[in-house]
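After the structure tokens below, expect a handful of questions from me.
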Amino acid sequence: MFKKILVANRGEIALRVMRTCREMGIQSIAIYSDADRTAPHVLFADEAYSVGASPSSESYLRYERIIEIAKNAGAEAIHPGYGFLSENTVFAAGVEAAGITFIGPPASAIETMGDKTMARQTMLKSKLPVVPGTEHPIEDVNKALAVAKKIGFPVLIKAAGGGGGKGMRIVESETAFGDAVKTAQRESQSAFGDNRVYIEKYLEEPHHIEFQVLADTQGNIIHLNERECSIQRRYQKVIEEAPSPFLDPELREKMGQTAVDVARSCNYLGAGTVEFLMDKHKNYYFLEMNTRLQVEHPITEIVTGIDLVAEQIKIASGQALTLKQENIGITGHAIECRIYAEDALNDFQPSTGTIGLLQIPDGPGTRFDGAIRQGMEITPYYDPLLGKLICWADTREAALNRSERALREFYISGIATTIQFCRSVIRHPTFRKGTYDTHFYAQHGDELKHYQLVKPENVMEVAGGSFYHHKEQQKNKLTSGDDTVDQRSNWFRSQQEKTHR
Amino acid sequence: MKYEIGINGNSLQLDIQRQDNLVVIHSELGKSVLDVVPLQENVYSVIMNNHSFVVAVESDMSQRVVVNGTPFDISLLDAIHLHLRDLGWESASETRTGQVVTQIPGLITQIFHQVGDEVDQDEPLLLMEAMKMENEIKAPMSGVIQRVHVKQGQTVEKGTMIVEIG
Amino acid sequence: MFKKILVANRGEIALRVMRTCREMGIQSIAIYSDADRTAPHVLFADEAYSVGASPSSESYLRYERIIEIAKNAGAEAIHPGYGFLSENTVFAAGVEAAGITFIGPPASAIETMGDKTMARQTMLKSKLPVVPGTEHPIEDVNKALAVAKKIGFPVLIKAAGGGGGKGMRIVESETAFGDAVKTAQRESQSAFGDNRVYIEKYLEEPHHIEFQVLADTQGNIIHLNERECSIQRRYQKVIEEAPSPFLDPELREKMGQTAVDVARSCNYLGAGTVEFLMDKHKNYYFLEMNTRLQVEHPITEIVTGIDLVAEQIKIASGQALTLKQENIGITGHAIECRIYAEDALNDFQPSTGTIGLLQIPDGPGTRFDGAIRQGMEITPYYDPLLGKLICWADTREAALNRSERALREFYISGIATTIQFCRSVIRHPTFRKGTYDTHFYAQHGDELKHYQLVKPENVMEVAGGSFYHHKEQQKNKLTSGDDTVDQRSNWFRSQQEKTHR
Amino acid sequence: MKYEIGINGNSLQLDIQRQDNLVVIHSELGKSVLDVVPLQENVYSVIMNNHSFVVAVESDMSQRVVVNGTPFDISLLDAIHLHLRDLGWESASETRTGQVVTQIPGLITQIFHQVGDEVDQDEPLLLMEAMKMENEIKAPMSGVIQRVHVKQGQTVEKGTMIVEIG
């Protein structure tokens, strides 16, 4: 087993990976940009190396520098997390060339699957169903437009070099096509260092359902069942659940087998995710394979009881899977809510600032994979994901109730977040019934926005009185220069009163 | 003292008084007693008529009050301002302004208009990249672009004036 | 089902109960003393009522006032938590008399079992094995001394009116007996409002193993297997685990059946815990039954997947148990570490102060049931329990590794805690082997204290350099009056540098 | 500047200098560069030679430094104090004091001695109840009780002088 692993990432996923490293007795090495000097992953790690300036192009994407740090620090393996360099074949190859183990599939599998168009070709060869679309990245916008017209609008423009909704655009009509391609290319370049995009038919009433797979060096491949990821906004997942309310055991087994076949078709190694689109008749199409850990991996961990990062590390070190397909079960139900630093009431604009009061939910069946701290600054440089709230219970209904309880007790002041937005979704009748598809947000977005969780007419006095008190305190501070009066606790007050009795 | 509070189109006349550590409010809904105790800067625990609330007053968004996590944009006008309003004077904060100011720091990636262009309300003015996403900045009102303070490729801080529409 | 429940408690257990209430759609009512005005349970509750001054005798123990609040607020039930009034028969009877449901057993069962001496008599009648000792509370110290001499020193003096180590004293010899009785009586009075104590033989090399039971109004009684609670200090549990490393399936089944018999012998209702002492030959003795939720209930929840508070509430509302004995399993292994505000290096002296930096562990298999917040004041009035860290994994070894990881990432500044002490225990070879008994702390206490987790010789420079920096900053503050220089983030610094480039 | 640090019987000569935002230490162990950044009042993130530490300096316990959660009582003597020590002057903080001060607030439940009693080091002086537990307060040194400042039943604050032994 490895003694030292460098985690080539930041934020919640870096912390997530390091937690498992420590549990396995492996030293973890953090890299950090200027903006992240005191970030939680840096405080957690056994060793920490500065990797450059705040913009990711000057730090977390500098793969040569990262490989050099790993070599100098004596790291035997590199875990790339998700995003950044996780699906970059040049990086994966460079790591291996430096004699360091890349925790992920071989560069060839990343190339086949990471490149969405090559993946489609591979699937077509294996006679697996794929969504209609271009088979090569867009080079000529006019040729691409011809294809788009042939498959019919609306179409999706997607980044060939990575996932997570970055570089993705839905195009409703011919006129918007050219600009949308350019925007998607720019975003894709900035997010993955790769500007290639491709086109795909935009299925109507689709469900986004993905299967987790694990493949070892001995050729064993298993799947860990599905995750339902149809709640998206801005082409990005925001709430996921496992198991999917749409699948029955037969379909689950069939799709799981397809997922294993997909993994086998590219000689896959490690943890990966096979994404399917499913229409309302329960026909499913291969969408893409993500050759890395997914943001939403914890819901699978919770219903299966398996630590996916530990499995990744064991596989990378050459160990054979000890898990058997027939022993993989589903216990209860798990729901993940992604907490972004975004203003849901203001078109999901990213929000920066300093975290004031922070109250993270906890207790029965409640897990938060995050990397935040009271007093911490949220900077504009990186993905706005603050963390993920994952709630488990024995039934879907209980898991929904638990998620709502946890979101209600989740408190972050100083920045805008998606906490209340997630709560609106969880409370929405269509979501509760489990009859939603990927159009949920398009259909109910406005409703969710105006779906006030606290009714204005019920808080006139509490809002007015608090605001009055606040302004009065501020005035007192300015005039007296004394800001401590209001800070004294009740306990202090009662002690004082006692003394004067 | 007399106030009028407005939230999302609802309004209510309040008589607010301080009694020792408490804030006492009289309105047509009756009497409410608020025990307001600070938890952190700008964040308060409020117990009103035995109901418990956590209330944050966002310091750099004027008038935004967050009650149990739900944000509200409120107005609290005292007797003088109420009188001025009755005389037909609108408070400045209620008129739409043509000054476009960044809410977050970021990178200007594209500018769609130049000085002299006519724009409609909600028409995209420019693209700004922040937190790995492109964000459209839209016109807050219809009018003619008076000034453009930024150029493509420029990094801007939060609160930067970028465009003025007149 | 109830619409409103008053929780007659504070701290982590009040919050724990309210979380389940909210998940069940039940409004929760908090009571609070002056010292607890901004405590987490008050912020969480739907309604909150002041119950008096800070000392518990003037607030959380004022049962008439609490019943009055419940009546006025329209509460249909009262959950007593643990400690305070949870095993007070006068309170339980008063609640029922007021037409409110007491979430717990009937006063008669509390009386039989809550009174440790009556419980012993009941067990003797049912021919269940009990530890030798007095059958009545001590009235005459000399008579009690005669009994103590008969059963032989060392003996234990225990509170008849409650558990949790309060009012408990071990007496090694005749000379110390009188003073120990008086101390135990005083503590017992202060903790439970009841100064009765009794004597019990102090078994050598004993294990403290307890079984969770649930009994409904229809006469169904099941057990949820055991908790191993042998790691104690100051006669108080500090680390518990489930399952016990000492039991095998046969013994577990036999003891579970005994626990059910014990519950049946007193017409038990609700959640209760049957405590056994077990000697090294695996003989077990009934010790006492706790007629309330235990501090350590979460480890049972995690390995069985059952929410014990939800079961308590359902039973109290008259619902029949839907759980069947044959379906109660044990999945994986759970370990609880109690985090007290105590200075483990200084004889576990309680520690008060303001919580500075707070970093609560989270992530896979990690639950913290607490009631603390950064910036919160820890007052001297109540039990020093800040919360409980509960870690689950598929094997005992993995759960130990996870506990150690979580304790290592747990950070509280401003007060002394038992975090590092727990970590010393978890790392100790005897604990890891699972061969410990209740003498673990007596035998290894000094070792644990000196078992430095960070070696002094490795931190000479980091401690010296940080201290130097701190003092320099303080000096700068005093001379310049400017305390902001040091507070600027790296991000701010880098922005500034960019501007000046 | 030259210092000597002592922790639990270990001691080391340090030459500590400030270079911009860094603290640079030279010792027989070599050169160490500390990047010290505050996280909260009295709590710092320290990266020293690429190793990450969280260090708290407890403000009201003089000289207590908590490194990654483990507390150490340290002494850091500068050149002047080192010289004084070499001349035979002990610093005041190193002599045991007979003044007993409460570490926590609580209620005095029993006092075992009165003025004039002789007590041995570590002998119980009184019982104090705090957080529902009785705590023995022990004599920090052997000697004769000079003054008792509290009486049974009295509530005391943290930092109260309760007994003096001479």
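Note that the chains take the letters A, B, C and D in the order they are written out, and that residue 1 is the start of every chain.
Everything that follows uses one rule, which is that a residue touches a chain if its C-beta (ideal position, glycine included) is under 8 Å from a C-beta of that chain, and two chains touch if they have at least 3 such contacts.
Since we're looking at a predicted model, the values are computed, not measured.
Participant: Which chains lie in contact with each of chain C and chain D?
Facilitator: A
Participant: Look at the interfaces A-B and A-D and say which one is made up of more C-beta pairs in contact.
Facilitator: A-B
Participant: Using CA atom averages as chain centres, what separation in Å is found between chain A and chain C?
Facilitator: Centre separation, chain A to chain C: 36 Å.
Participant: So what's the Cα centroid distance for chain A and chain B, whole Å?
Facilitator: Taking the mean C-alpha position of each chain, the two centres sit 31 Å apart.
Participant: Could you tell me the distance, in whole angstrom, between the mean C-alpha positions of chain B and chain C?
Facilitator: Here chain B and chain C have centroids separated by 46 Å.
Participant: Could you check chain A for residues that touch two or more other chains and list them?
Facilitator: 37-38, 43-44, 357, 373, 375, 408, 489-490, 493
Participant: Identify all positions of chain D at which a residue touches two or more other chains, and write them in rising order.
Facilitator: 37, 39-40, 51, 54
Participant: Okay, what are all the chain pairs that touch?
Facilitator: A-B, A-C, A-D, B-C, C-D
Participant: In the complex formed with chain D, which residues of chain C make contact?
Facilitator: Against chain D, chain C makes touches at 56, 166, 183, 186-187, 190-191, 234, 341, 345-347, 349-353, 356-357, 374, 380-384, 408, 410-411, 413, 416, 419-420, 423, 452-454, 456-457, 459-470, 472-473, 486-487, 490, 493.
Participant: For a test of understanding, state which residues of chain D touch chain A in their complex under the given definition.
Facilitator: Residues 35, 37, 39-40, 45, 47, 50-52, 54, 155, 157.
Participant: Considering the complex alone, what residue numbers of chain D touch chain C?
Facilitator: Touch list, chain D to chain C: 3, 5, 7-8, 10, 12, 14, 16, 18, 21, 23, 25, 27, 29, 32, 34, 36-44, 46, 48, 51, 53-58, 60, 63, 65-72, 74, 76, 103-106, 109, 129-135, 158.
Participant: Which chain C residues qualify as touching chain A in the complex?
Facilitator: 15-16, 19-20, 22-25, 34-35, 37-38, 40, 43-44, 53-54, 298, 301, 305, 307, 331-332, 357-360, 362-370, 373-375, 377, 379, 393-394, 398, 401-402, 404-405, 408-409, 489-491, 493-494
Participant: In the complex of these two chains, what residues of chain C are touching chain B?
Facilitator: It comes out as residues 30, 37-38, 42-49, 73, 373, 375, 495.
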